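For reference, the structures are reproduced in the following blocks.
Shared between the two complexes below is subunit A, which pairs with subunit B and subunit C, respectively.
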Partner chain A sequence: MAIEDDVLVVGGGLAGSIAALSAAERDLRVRLVSNEGSTLRSASGLIDLLGYTPDGEGPIVEPFEHLTDLPAGHPYERVGRRAVREALSVFDAVVGDAYAGAHTDANALVPTAGGSIKPTARYPASVAPGLASDPRDTLLVGFERLPGFDAPLAAASLEATGVPFRVRGVTVQFPSIECDDAAITRHARALDLDERVEGVPSRAALAERVRVELDGAARVGFPALLGVDHDEVVRRDLAERLGVAVFEIPGSPPSVPGIRLEERLRSALAHAGVRVTTGVRVVDYEGGRGDSRNAGRRIERVLVERSGRRVPYRADEYVLATGGLVGGGIDSSRAGVREPIFGCHVPHPEDRSEWFADDPFGDHPFARFGLAVDRSLRPLTADGDPEFANLRAVGAVLGGADFAAEKSGSGISIATGYVAGSHAGREAAA
Partner chain B sequence: MGRDTEVLVIGGGSTGCGVARDLARRGLAVTLVERGNLTHGTTGRMHGLLHSGGRYAVADRTSARECIAENRILREIAGHCVEETGGLFVDRGDAGGYFEEKLAGCRDAGIPTTVLSGREAREREPALAADVERAIAVPDAAIDPFRLCVANARDATAHGARIETWTEVVDVLREGEEVIGVEVRHESGPGSRVHGRSGSLERITAEYVVNATGPWAGQLAAMADLEVGVRPSKGAMAITNVREVDTVVNACRPKGDADILVPHETTAILGTTDVEVDDPDDYPEEGWEIDLLIEELSKLVPALADARIIRSFWGVRPLYEPPGRGTEDPTDVTRQFFLLDHADRDGVDGMATIVGGKLTTYRLMAERIADHVCAELGVDTSASTAEEPLPGSEEPAALEAEMDRFGLRSPVARRSRQRLGSRSREVLDVDDPNPVVCECEAVTRAELRDAIEDAGSDLNAVRIRTRASMGNCQGGFCARGMAAELHPRYDEPTVRAALDELLEERWRGQRHALWGMGLSQAALNYALGAATMNRDGDPAAADGSIEFDDFDAGQRRPDGGGRQ
Partner chain C sequence: MSDRDDGFRSGADVGGRDDALRSATDTSGQGGGLRSGADGCYKCSTCDSVCPVAEVDPSFPGPKFQGPEQWRLEDDEIDPSITDCSNCMRCDGACPTDVPLSAMHNTARGAYVEGSMRPWSRTYLRNRLLANYGTMARIASRTPRLANAVMGSTLVRRLAESLLGITAEREFPRFSDETFREWFDARGGATHESADRRVAYFHGDYANHNTPDVGKALVRVFESFGYEVRVPDQRCSGTPMFANGMLGDARRAAAVNVENLRALVADGYDVVCSCTSCSMALRQEYPELFDVDGVETVAANSWDAVEYLRVHEDLEGALADATVDVPDVAYHAPCHARNQGLGGQTVEILDGLDGFEIHDVGDSCSGISGTYGWKAEKYDTSMAIGEEMFRHTERADAEAGLTECPTCAMAMEHGTGYEIGHTLELLETALCGDDPA
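Here is the complex of A and B:
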């Protein structure tokens, strides 16, 4: 007995979540299935739209002005500029006050844990007071037992970018943690709970250690660990005790802002009535044949591995949101590059020595590996015909863009998720 | 004669470091120059096998005898660099009479052997293929060439030697028929390397010069107008992310490519190929070589077919054969070493060149050279290197109990102790918090700081001392943390240059093993560096300046409380 829905989204990251929410705008049964934990936990939590052109020009001030200049096959080119704007407002509505940046079309420059700045279109409220175009003098605070963020070095690097303010960095001991190798999330929980050390709550103790270092700074930046569940309370508490603005600097995984975003998306999905099944993997599909050009070829059901058994899930429309090389939506071996669930065509050079550039941050062909799609985001065969009539692909599983170089990953996920989800919803409702 | 030093050694590989240690212990004034890091050439690019001699037992009995003798010595003097894995020559039914030849050769060379049935072999090494019919067990072992070299250099320094890395010989100085020293270029001045510090030239005169530059021996000799017909031969190797075997596995067959697998710390190294090249600095790294390693060796160890390869690398052997032998196939060229005395050979005094040989016999080679140098200089001493343990290998037993004191969780403590040996206490007994910076290889801040004392701002030199950034993530997660340990001793631009260089070196070895999990990890590292950190677009490293006012500066709160 198969599980039956109208729209089935495979993948629970940003793209899959937005696709499911967009499909659920109609009165439909929408289901999202995902592995345990999405790549959001590795991502910064910033919503990059377009920070650099594919030619490397940038940082771009106005991303929307550049969306019409992108090469054919780029995911933004596929969906068009208007859809990108609509999609972003869907995202804005989902996250509400938790994110900022919607008041302007201009990119913001956000300090990174490596001491650079990067252009982004939306940023968590916790990041907002730290923007590099805000000229207030800044103190960065790192923790001795967290080697991922070295505040004095980050401050020196930030200064080297030419920021319009003075910036210093200090390293302090985090109050309530004695263990040398506690995870970032353990720190965040300690602040959530305001754990006491020798009678002193940890937020007060932290503020005390930082206050003596202020020396006129008007804002203080911490690595992004100021609470997972009660981040607003933690930030406000610290800001009041310090008497200055407090902000977070996004950094390496595990990413607390990424975890917060994931939780926010999950609650939006629940609110929209999307059925979410996590901890399972879609491993295969069954489908009917189409004609010689694939026309009419449809996916009938997918097979989900659950406790060692293969359970069929059936829907009218499917959305593939399984991520790229990092997330597992694109797989490779010495023999070549493939999309593992539906076997969709992934264009790539046959010779493996043409998959990479020699420079670590060179123009890597692998960074563009992914599916080619038509304008309604249906994956295409090598001949340019849709693989299936009822499959759409979104987010990092798409090829044609180097999201890391462009700083366009989240924007592509949101825009394609919105377009594919809306299409799937329309088809399923018809 | 008023020379700057008695002996000048060129080359900071195992041979050069071994010569420097030996001569320094004999009381001679020694200067060693190396154009890159210690181990930068051939030593750092080998498969990490401490030979029992079994590989040479049929075709090259002299090398086999030298190997087994040195194998025994290194277990004693360099215990903290050696892992007692044992080795197997396995026969899948295709060895024929060669199996018995191998056995007889081992016996003749004094290499202890045990013959195992296929089942016994699989009991010892469960990863072996089901069709392995029999095997010969020999005392092969794994050795860390980086640690070994650094320990030799450390001991040489402790005995008064001067060791200069990132110091390239630009000319060999001759006065008539005598070599009297060299001119070198220090990339960032003498002493520890510091990125961005300006370089300098130095003339170093010496009473005797030792050319221990391996495959580069010909190029170096040419600077003294001498000719050395070294035949550089490249070999490819690949590293798996986990230790696929616990025993060295050799194919029992006469010769050939892709016939050895060596466990090494948390990994295993597949080797190798043998192709003569013209220039040891410029040769093609070809994907087919890696495919060949996997295809051939997975016949012996089937799990390799789907193993995750984290890196591939190429090394260049310093093969040499005396004039007139005319061997065409490089795999047939002897692995023996040769001391070329240019006085005898070319009528030019004051310099000798060492070629051929292998890491396992580095100490013996060093001793022979040191004996030769002492004879030339009229110094009457003898070597002590076969008896005196290297730094890190003293008092091995006392360590275990000590490790608790450093507050490291047990896998971290165990790995730290393996690397540091008897230096553990000196390095790890710190008052400050000591978090793990490199998770894959369990390297703590204290160990990194100790290495930085020695290595300056050179993160690759820190890497070879600690193994930091050599695990699964290949630096994607830990390289920034390593670089941060350089600050504030070194300023921001120096740290930036050091990190760039480490990332480049790490990428170089990953490029040719980009498929499966390796490609996924590379994509993640790239996304972290570029998307999360914007290292690729960092305005601090780019031309021009940014109009910060054009970008979003945040929004005033509706309650009028100023910016958030």
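Here is the complex of A and C:
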């Protein structure tokens, strides 16, 4: 026996979650297995579609206009522009009012914690009042004992980019937390619960400390920690007390907007009846070994490991959403590059010197390492045949795009997750 | 970091945790004290963001400090804040680079207790007593009614708090008139023999002394699938001992358990547990902490009882035909179940059972973490952690609680007043009817 489902998604990030939700559109038993419960805790929460062309031109204003110009093998080229649009509407339905940006095809320009500006397609509602295209004068507020956001530095960098407003940065003491390096979630919780410090609720105390610094600013940006569960209430409360707009600046991990997005996705998965297994890892598979040229070979079961014991999980269709070189979905060593669970072919030059560019910030070939796929996102062998009839791959495990340079990671995850999940669902239901 | 011939991590350790742990605990001859388990940490602090203690106590430095950072400062004394870690092990599941955080915490806690805690201090004596709950329970179970009367008295609870630092807020668990083992022996042991369906039940101390109905349910459910159930001699799993840094006690208990269980594994038995912290100890903590012969074999052949049935039998098929007449339940998945990938299992299995509803109360920690919430100075932290779960339980459309961890059950009951059952008891009701075997 094994643990039985119709569709099994390996990987619990954005791509895997969207794939599972898309498969669950049909009356199927869908399972998502995720090693860490929390990949999205490292994500900014911004949903980038395409910020720069593969040649580095940009920032792009109208990403959809560029989707048809991408090179063959790019994940967007594989799935096509229409699928990208449909996929984004799936995402929009999941997040609802918690996100903004769906009103236009154009990219928004979002100020980051480093004081740079990022072109992005969807952004948390908490980020919306801070857009760089908005001309209101701005105050950035950082906290003394919280590393990761230096408000005066971020303000200076932002001003240097030529934003159409005046921006200053100040550093204040966060009320109620006096020790160094307290978890960012601890700050968020203090505001969520409006914890009292010496009789004063923490939101009121924070507003009091910021009010004296306003000096005519029409909006105030905080590092993204204004509540996890009740962020809308926290923002509204602070905005009323300060009399100006309040926004969040997405920053480095662990990321509160990433945690909020994770919670929304998990609740959508639960609502859709997807079974989520976290804390264990898929390490191997059974079936389909042997003739690698046989396009009909199938994965029978995958093996999930915990503490030296392998537990079989069986499904009709599988989706691989394990991430790229950083996430562990692609593994590299001096000997080569490979996909560790199913051993799918990863195209790459044999000569390792060709993996890298000379310039440290240059156009590194390794950034595009990943699986080559057909149009239904089945990984391909070196000969161009599907590795397995019932395996599809999504997100950063795919090759053909330098998503970090293009600012396309989340968009690729959503688009490929949607397409692969829909295909897997159709096949499993057939 | 990998030193395999072909440079790849092998399929078997895509998980990296085992490698990282070996490196973390390997101090042999490398000089400079660099250990790759600690160096795998790039300080992303994701572990800190899932730590239930750090969330409610800003003065707790969090798992990143307790693990890799203390590890790097190996010549310094272990910081006393290590005793504020509750050993929920949530950080293990959060780390993107498989740093063996809980193993580092257990080791650091052991080093702290050995190096910095005065063996005659009140805290040490209290912790030793709590860690060796099984010894107390053995004595109490000789005269359970007397023990219950004594430990149930308000005076005794107040004395326990003022003399020992054991909180008077909680009621001590009641000892059963008949232990599980007494019941099992009285019925004549196993009722089935089987050459291919054989399990050895690791019941732990709590099911034996306090909730024998859980043990009886396990035996009846497995027997209903045709299993031969053995109940080997055993000691405490060691969970409360790791959590209190009493590694010497834990090693002695582990040695006995591994010795007894490996013999049965060699005879074709798989080990099944009803308590998720016991299965966590056998599967993960033993091989991480103790170099005992057979420890890997026992770990590889130990299971959560329900997971075992699910993989080896058509449990869901058997339940599809069953109906129960029991109150709707609010279900809390223990942290140690989550860490074994079992967080969703109970709801998945019982969702299809006719006659009652099960409501998952979310992924928060119950806060009690074994002996942690029994300590007077930790009680408030423990209750603050559990608050979210209590709230969700009370809001759920249910009249009773359900969980697999005995101390989570205590916390749930203490925080909500609900009566708390175990999943195996529900399976027994569904699969075995009312006739006691």
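In the analysis below, the second predicted complex is superposed on the first by the 418 of 430 C-alpha atoms of A that agree within 3 Å, B and C clash if a C-alpha of one lies under 4 Å from a C-alpha of the other, contacts with A are read in each partner's own complex, and residues count from 1 in each chain.
By definition in this document, a contact is a pair of C-beta atoms (placed from the backbone, for glycine too) under 8 Å apart; a residue touches a chain by one contact, two chains touch by 3 or more.
Just so it is clear, the structure is predicted and the values come from calculations on it, not from any experiment.
When the two structures are aligned on the shared chain, A:I184 is found in touch with subunit C, with no touch to subunit B.
Of the two partner chains placed around the shared chain by superposition, subunit B and subunit C are both touched by A:S42.
Once the two structures are overlaid, the count of subunit A residues touched is higher for B than for its counterpart among subunit B and subunit C. In the superposition on chain A, A:P254 contacts subunit C only, with no contact to subunit B.
Residue contacts after overlaying the shared chain place A:G328 against subunit B and subunit C alike. Within the superposed three-chain model, A:S89 lies out of touch with both subunit B and subunit C [touch as defined at top]. In the overlay built on the shared chain, the residue A:T68 is in contact with neither subunit B nor subunit C. Of the two partner chains placed by superposition, only subunit B is touched by A:H364; subunit C is not.
In the superposition on chain A, the residues of subunit A contacting both subunit B and subunit C are 42, 181, 253, 328, 331, 333-334. Chain contact summary for the complex, subunit C toward subunit A: residues 2, 6-9, 11-12, 14-15, 44-46, 48-51, 54-56, 58-59, 61-62, 93-96, 283-284, 287, 296, 299-303, 307, 310-314, 316, 338-344, 348, 360, 363. The touching residues of subunit B, when paired with subunit A in their complex, are 287, 291, 294, 407-409, 432-437, 444-445, 477, 480-481, 483-485, 487-488, 491-493, 495-496, 503-504, 506-507, 511-512, 514-516, 519-520, 522-524, 526-540, 545-555, 563-564. Within the complex formed with subunit C, the residues of subunit A that make contact are 1-4, 33, 35-39, 41-42, 176-179, 181-186, 189, 253-254, 259, 270, 275-281, 283-284, 304-309, 311-312, 327-328, 331, 333-335, 338, 340-341.
Of all residues in subunit A, only 42-44, 48, 51-52, 56, 58-59, 61, 100-101, 103-104, 106-109, 112-119, 125, 128-129, 131-136, 144-148, 150, 152-153, 156-157, 159-164, 173, 180-181, 245, 250-253, 324-326, 328, 331-334, 351-353, 355-356, 358-361, 364, 366-367, 403-405, 407, 409 touch subunit B in the complex they form.
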